[in-house]
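Letters A, B, C, D, E, F, G and H mark the chains as written, and numbering starts fresh at 1 in each.
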Amino acid sequence: MNIDDIVVSKLIFDRFAEKFKDSMEVDVAIAGAGPAGLTAARYLAKAGKKVVIFERKLSPGGGMWGGGMTFPTIIVQEQSKDVLEETGIKIRDEGEGYYSADSIESTVKLCASAIDAGATLLNAISVEDVLIKGKKVNGFVINWSSIEIAGLHVDPLSVRARYCIDATGHAAEVCRIVQRKVGKLNTPSGKIEEEKSMCAEIGEQTVVENTGEVYPGLFVTGMAANAVYGAPRMGPIFGGMLLSGKKAAEMILKKL
Amino acid sequence: MNIDDIVVSKLIFDRFAEKFKDSMEVDVAIAGAGPAGLTAARYLAKAGKKVVIFERKLSPGGGMWGGGMTFPTIIVQEQSKDVLEETGIKIRDEGEGYYSADSIESTVKLCASAIDAGATLLNAISVEDVLIKGKKVNGFVINWSSIEIAGLHVDPLSVRARYCIDATGHAAEVCRIVQRKVGKLNTPSGKIEEEKSMCAEIGEQTVVENTGEVYPGLFVTGMAANAVYGAPRMGPIFGGMLLSGKKAAEMILKKL
Amino acid sequence: MNIDDIVVSKLIFDRFAEKFKDSMEVDVAIAGAGPAGLTAARYLAKAGKKVVIFERKLSPGGGMWGGGMTFPTIIVQEQSKDVLEETGIKIRDEGEGYYSADSIESTVKLCASAIDAGATLLNAISVEDVLIKGKKVNGFVINWSSIEIAGLHVDPLSVRARYCIDATGHAAEVCRIVQRKVGKLNTPSGKIEEEKSMCAEIGEQTVVENTGEVYPGLFVTGMAANAVYGAPRMGPIFGGMLLSGKKAAEMILKKL
Amino acid sequence: MNIDDIVVSKLIFDRFAEKFKDSMEVDVAIAGAGPAGLTAARYLAKAGKKVVIFERKLSPGGGMWGGGMTFPTIIVQEQSKDVLEETGIKIRDEGEGYYSADSIESTVKLCASAIDAGATLLNAISVEDVLIKGKKVNGFVINWSSIEIAGLHVDPLSVRARYCIDATGHAAEVCRIVQRKVGKLNTPSGKIEEEKSMCAEIGEQTVVENTGEVYPGLFVTGMAANAVYGAPRMGPIFGGMLLSGKKAAEMILKKL
Amino acid sequence: MNIDDIVVSKLIFDRFAEKFKDSMEVDVAIAGAGPAGLTAARYLAKAGKKVVIFERKLSPGGGMWGGGMTFPTIIVQEQSKDVLEETGIKIRDEGEGYYSADSIESTVKLCASAIDAGATLLNAISVEDVLIKGKKVNGFVINWSSIEIAGLHVDPLSVRARYCIDATGHAAEVCRIVQRKVGKLNTPSGKIEEEKSMCAEIGEQTVVENTGEVYPGLFVTGMAANAVYGAPRMGPIFGGMLLSGKKAAEMILKKL
Amino acid sequence: MNIDDIVVSKLIFDRFAEKFKDSMEVDVAIAGAGPAGLTAARYLAKAGKKVVIFERKLSPGGGMWGGGMTFPTIIVQEQSKDVLEETGIKIRDEGEGYYSADSIESTVKLCASAIDAGATLLNAISVEDVLIKGKKVNGFVINWSSIEIAGLHVDPLSVRARYCIDATGHAAEVCRIVQRKVGKLNTPSGKIEEEKSMCAEIGEQTVVENTGEVYPGLFVTGMAANAVYGAPRMGPIFGGMLLSGKKAAEMILKKL
Amino acid sequence: MNIDDIVVSKLIFDRFAEKFKDSMEVDVAIAGAGPAGLTAARYLAKAGKKVVIFERKLSPGGGMWGGGMTFPTIIVQEQSKDVLEETGIKIRDEGEGYYSADSIESTVKLCASAIDAGATLLNAISVEDVLIKGKKVNGFVINWSSIEIAGLHVDPLSVRARYCIDATGHAAEVCRIVQRKVGKLNTPSGKIEEEKSMCAEIGEQTVVENTGEVYPGLFVTGMAANAVYGAPRMGPIFGGMLLSGKKAAEMILKKL
Amino acid sequence: MNIDDIVVSKLIFDRFAEKFKDSMEVDVAIAGAGPAGLTAARYLAKAGKKVVIFERKLSPGGGMWGGGMTFPTIIVQEQSKDVLEETGIKIRDEGEGYYSADSIESTVKLCASAIDAGATLLNAISVEDVLIKGKKVNGFVINWSSIEIAGLHVDPLSVRARYCIDATGHAAEVCRIVQRKVGKLNTPSGKIEEEKSMCAEIGEQTVVENTGEVYPGLFVTGMAANAVYGAPRMGPIFGGMLLSGKKAAEMILKKL
């Protein structure tokens, strides 16, 4: 078969154009394709919602690839095992309620299952601001992340979403923007309380409790939830993250 | 359930220790977890061989994540469609023998299927040299890639493999080391000929033809094959890459 | 009037999609929007040809903005005065055949007149390779220049052109790629001879003489022409550059 | 004709010396050659005033070159269409009150029309401070921007202006200097309120309303006006910017 | 004798695995292998306690190597002479109560004697957080320091210790983490007071006085003690540092 | 004559050792060899005092070398003309009380005359802290500035002085250290008030008025004086600087 | 007296304009204001010739400021003592034909005496190329060095000189340009032979012998002479440098 | 006891002055304080020779601190065990002729034993050139390494040695200087052959064989020996290194 470079180029651009334009008006827009964001996307898409994830890097997965100290294993507990297992990840029973899995396998399968469920994932794109209408976040303001890295002065574009999710991990980037540019968050202090020192036992529990709507239209999930509400970090145990992503999806589904 | 951070830490290290020690003597060691390396690993592992891939970055996938110009789509042709499809990737028929797929879905599923087939993937590790015995490459010399980036002066460790594969893409990093430190490659000039300008039509064909044993014990696959033999590059069309990975696996299986 | 951010975003993307797809098959593709490239584009577009210029930076103009040592004035001679004047640039007669103009005005008006003539100018895009078919350059391989700056590993796309022009100035970037990856250039040594020391008197003359087809399908113009043929540089006198751009256009028009 | 490099050098320096000395006492000095600054300059110069713009970069245009996400198109609305059109920019009616234009064409023609109107534009020069007399800004303190980038320790020079305009965009650089080194601004808090999240609908309106004298002798225009008064940003829609530049000119003309 | 690279690699990893796992539950964990940390480790290990020091750099020694201004000598006083001398360091009596020693010899012998006493020293590892249980620091959260330098996003692991010591010098890194993420320190202000200007006379005395438990479970020693309590720095005189390390050991021994 | 490299090396070190040890106990230590510091040193040394200047860079001169915008001329007024002229600098009368001089000639001759008067100048040395005894600054804490630039962790040494002068220009580095680490300065707010916007008329006057003892044992002179007391900067006019240096010398001479 | 910032600015620019234009046609242009360049300038200017030195840095002096290892002393021998002494530098007789001097005093007085003799010194300007006419260097091509550091793309200007001197030290920058862009140098190999290892005894002698016309119109002096002819370096002994500068002046004076 | 900062400073400088001057004429000067350099120094000093080691970093130890991949263990073989053991390092018998030791303990004790034997170690000093007399290396040309890192232009000083040793590891820095600036090395090609790929078995043997006089007056030891003669590298096994250091000492002792 003859291959024409220009046909290849056009096809690639056409598929992007379709996907990109289609992502400009969605039910839910998610910032960050780490474990919590991918899990939320999976459950939302499974329920038939139109979901787009914007990921700053070329690769999704957030902090999950490296396990702990680049020893590529993650741990989950009894209660979150199912959320992982239904994506086809092989899990090893380590006894006393601990389960281990390969961190790379976990990352790629969480991502694959979100896509299989129907979510759209656009990479190399940063969420640099939110779209505000009245006192509600109603979308993201996006740009190529390479533009940011290169330090070029270029305006962004905007996408509209009925609900937005900040799944940017510890940085809680979207919440930080909202706090600085929009107004008070729904936290005791009205501000981001910042992540506390490591304590898996407490952190695993609070990350689920703290998952929720932190400003009208904006939900927070995963490590970002603990960061926003000042709860402890948890290290390379990912059960709470996954349950938090699931919970964010369920809360939004009730509203949509 | 109570979660103990130290139990988590120990479990993670134990799983790594097992995997790492086990990777020190393998049938095939592959440098680079791009599409060609992952495909080779899949077919080798499926055939029951012990395979380890060392990937310099935290995330596998090489240059596949970004499609073309960060428009996240890839194109494959008729003859390579099956290699992609058997991993569960959704493919769209674009007519005239062209098929498109989401570049992110393709990357994560190529990776997942290599792992499912039984290959081990160790990330954040660089291949900084080869192990030489007589006139044969018989393993890799590895180090944490963060050590490299941080510019620290730390010695590497070694792993033994019956066959090694250079799947490091355009850079052809392992071949370059062998050329500089070991001796002549099995190319017309005895040297790396360097990748030529873009021409998908020719490049797609040569990448399969050039796949092979470039020095005793060392195979080359994917874009590295075209780079070593001075053939054209192909852009975001990945059919040849996949077929090249498959061919490398088949050639080595005959020898093992 | 109500303004909807999403309508704005969609309109902008649609206009780009149109322009970008349309630029994938053109009569003439030009690398570099400096004075020579813009002048060539102007005359080609005026003659009804489909022309696209790819400029690496956000702003066109090359080395013209700063005049000499950031003293923003340029000088032209008698014979090139017309090429400048027909774009509406105000010229001051300095006597003895020298004419001066504001360097900023000159840059913006050269650019405006190329666009008015019908040329398309796409910025923030790098030409990273050429498309080769047989022994002829038949297009450019392009990528976002921010991708390059950010050091991301992302494949490029390709555009087809009946003729290509290297107007990248001293660097002669496209010629350099062709020399390294394709074959011998049409110069005495077959290689790029590199720019010589400053001598406006000779350089102004040679830049026009050296303008031409340096490899089948690839023309060279402006400072790149002097660099390729080893002629002197000229400093902030731009007459030869403009005449060279005009000559390149005329030579290609004869072939189209 | 013989060309003498030294004659060229002397002519260039002489033209600069003339222009530079002449710019040391002006009616209006503008910091920043983005769309608002260029528009203000155009209307002021048209009215016969002596105007100089200092632009930090080699190229004017600010954030306009890249359209949105480097898709080189801008949008304007009904009410600002004229301000754009009178510079000769081709505008496309997109319906429902939206008009699109090529972002590169828009930038070069806004610049050309300011120069044609009689404004002087000096590039590669930073405004690093203001000149204060009593409680009035009465000029700028300038330096080569390359000196800043190179981190050299070199004193600046000063220029006197009856009125100054801060058209430095989001950074509101001049206002920031005045706030830090001189005193309270004419804003509710007396400080810069910082730009709010994206909302074109509101931002387009406020950018015109906020245009005005923010400290005796210092006007603010364009995105800087929204930044100073804490109004939303607008993305790649430039109508408000242009109207703001025009309004700044009109307000100053009444005072001169 | 035949040497097998893989046997070498396995042995090295096995020794590390042993040491690393064994360090995950200790009596005392020390951050920083400078003179105070090494001295504390020596006395604790001598007393039969299980001690691990985590050092961020490849080499221990902190700021001791360079003496003053890279003139490699240190000074100690009468009362701390013994602490130095018992490690075998050659000391020169300079009269009036001053003793000098080679700074390099001092560093290596302080380190050697801590190891000889039974302390474990793990290098290239950063303490990036503390482990908190209730209101007590009960361990460190560690990561490869190359991961930090390389800016990779990778989770840490945790180690448990009955008592922790911050011996990180002026930076008082662990105390700073506790202050920011956990709660009030046991200082007059509840915060780190920051090191004061140089005054050896006072600083030498306060560094011993300030040594102690600054938060439940966390002791501070050496320059970190002066930094936390706002006492003066002392320059290249190390007597107080050594006595502070000894005192920290003695205080903890009473508690264990 | 035979030249022996080792004799050369020894002579150079011996001269340094003499000068360095001799500088460890002085009447006046000055931080910064700009115009104010050099002038103060000249008058102090002329009066027979033992003076040492520590200059962070290899070359003295501070911000004087570049004149204004690297146009190498400085301006002085009537009243400061003598201070300049007595060093042998050629001065041109520009009328109306303005005098100009070559900025390079001025810098080298100010430096030469301080050395001729008997001051010692040690370059490549930073003042990184002060020596405190009771509530008086009684010396500087110094280090090689290359150590600072190289980011090495090396302790400093100390020098004792009856009086210290901060002549570090706008940065007012020593005052900043005293404010942060020692206590309140003798300014209205007790803090550094920070330099104000440009106004030569006022700044020239205040720089002399503000010269004085800003903390027991520490004088401030030159641009540092205006920075500490919140007075305007003056640009490339150096009269006030010189008079300030002279005044600082006179004030200290009364105390010695 | 009232001081007007704008009068100051204008005076400074006027003096520069005068000096800069006057430097565009000279008898001798020197690249580099180190000890050899300054000495050559002194003798040429003394003989009534029009001389300009272009110095890349803000401060002249080259490698002389730091003595050896930043121990600020230099050594000269018997035969070169006079060349130093006639500038008023204090010299100490160290016996056996060695003389020492303060390296800072030496630098400033060499510079002062060149200026006093009538040479013009322009700082912050780089020589980036030579002006060629036929087979003779007849001037320099200059640019602001900050432009170079900032990486801006700006054309240079040219100055004409009857003779040029490369006094750029080890780098032999001008000779390197001539070798690369113009043709063969007057050395045994026709190329720059590169500086050899340290040997003061030989280097001191060859630096004078190698001083001379290395290409028609271009002289080389100081360390550049040894670098071009492959002679040894000499360390912080400066006698040969000074004699070389004097010799270059004498050779050119015979030709003028 | 009262502590006087100035007394401390003076003592430190005096000790350095003594040691530094004393190091300017030695029997043997060694570049690099890694395992081979330290071992050579130990045996030379033990034999009563005057030895100085110059180490570029603040800490000695070279590549030994990190063991393999920062797993801090090293391996030695039977024949080199004694060389390690006599320094007091604890060694563990791993069977089959392999012995392991803690890499940190090994580094500090190798260093301590070299100092105890009487060698002088000066840190933070780079060897930037050699001293040449006739056709013999007779010393090193040294500089502060911080000067190098900071990029300052400062001349070095020189030290004389009867014999010099290049113990700079893989880089073979001194040999590289000699090759480039002095003449042919005593290798088959007369050049540095560059280190080959990993093979401990061969490398361990050749490193001892290759130890020797590579240019009159210059010996090479440790990894530098393998690099110079093109032999394999060995990874974290250090037996050969130590034997090589010992051999270098023995060869030189025969000549002294």
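To be clear about the criterion, a contact is a pair of C-beta atoms (placed from the backbone, for glycine too) under 8 Å apart; a residue touches a chain by one contact, two chains touch by 3 or more.
Note that the coordinates shown come from a computational prediction; the quantities given were computed from them, not determined experimentally.
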item: Least hop count linking subunit E to subunit G through chains in contact; value: 2
item: Same-interface partner of E-F, chosen from the options A-D, F-G or D-G, over half of the pairs matching; value: A-D
item: Chain centre separation (subunit A, subunit H; CA means) in Å; value: 52
item: For subunit A paired with subunit C, centre-to-centre distance based on mean C-alpha positions, whole Å; value: 43
item: Distance from subunit H to subunit G - Cα centre to Cα centre, in angstrom; value: 39
item: Euclidean distance of C-alpha centroids - subunit C vs subunit D, Å; value: 28
item: Interface hub residues of subunit G, defined as touching at least two other chains; value: 5, 8-9, 12-13, 58, 65-71, 124, 131, 144, 146-147, 152-154, 157-158, 198-199, 235-236
item: In contact (per the touch rule at the top): chain pairs; value: A-B, A-C, A-D, A-E, B-C, B-E, B-H, C-D, C-G, D-F, D-G, E-F, E-H, F-G, F-H, G-H
item: Complex contact set, residues of subunit H against subunit F; value: 5-6, 8-10, 12-14, 17, 20-21, 24-25, 58, 124, 131, 139, 144-147, 149-150, 152-154, 157-160
item: Residue numbers on subunit C that touch subunit G, as the complex places them; value: 62-63, 65-71, 194-199, 232-233, 235-236
item: Of subunit D, residues touching subunit F in the complex; value: 129-133, 141-144, 147, 152-158, 177-178, 180-182
item: Subunit B residues touching subunit A - in the complex, by the definition given at the top; value: 1-5, 7-9, 11-13, 15-16, 19, 58-61, 65-75, 77-79, 88, 92, 94, 96-98, 100, 102, 104-105, 107-109, 111-112, 115, 121-124, 144, 146, 198-201, 204, 235-237
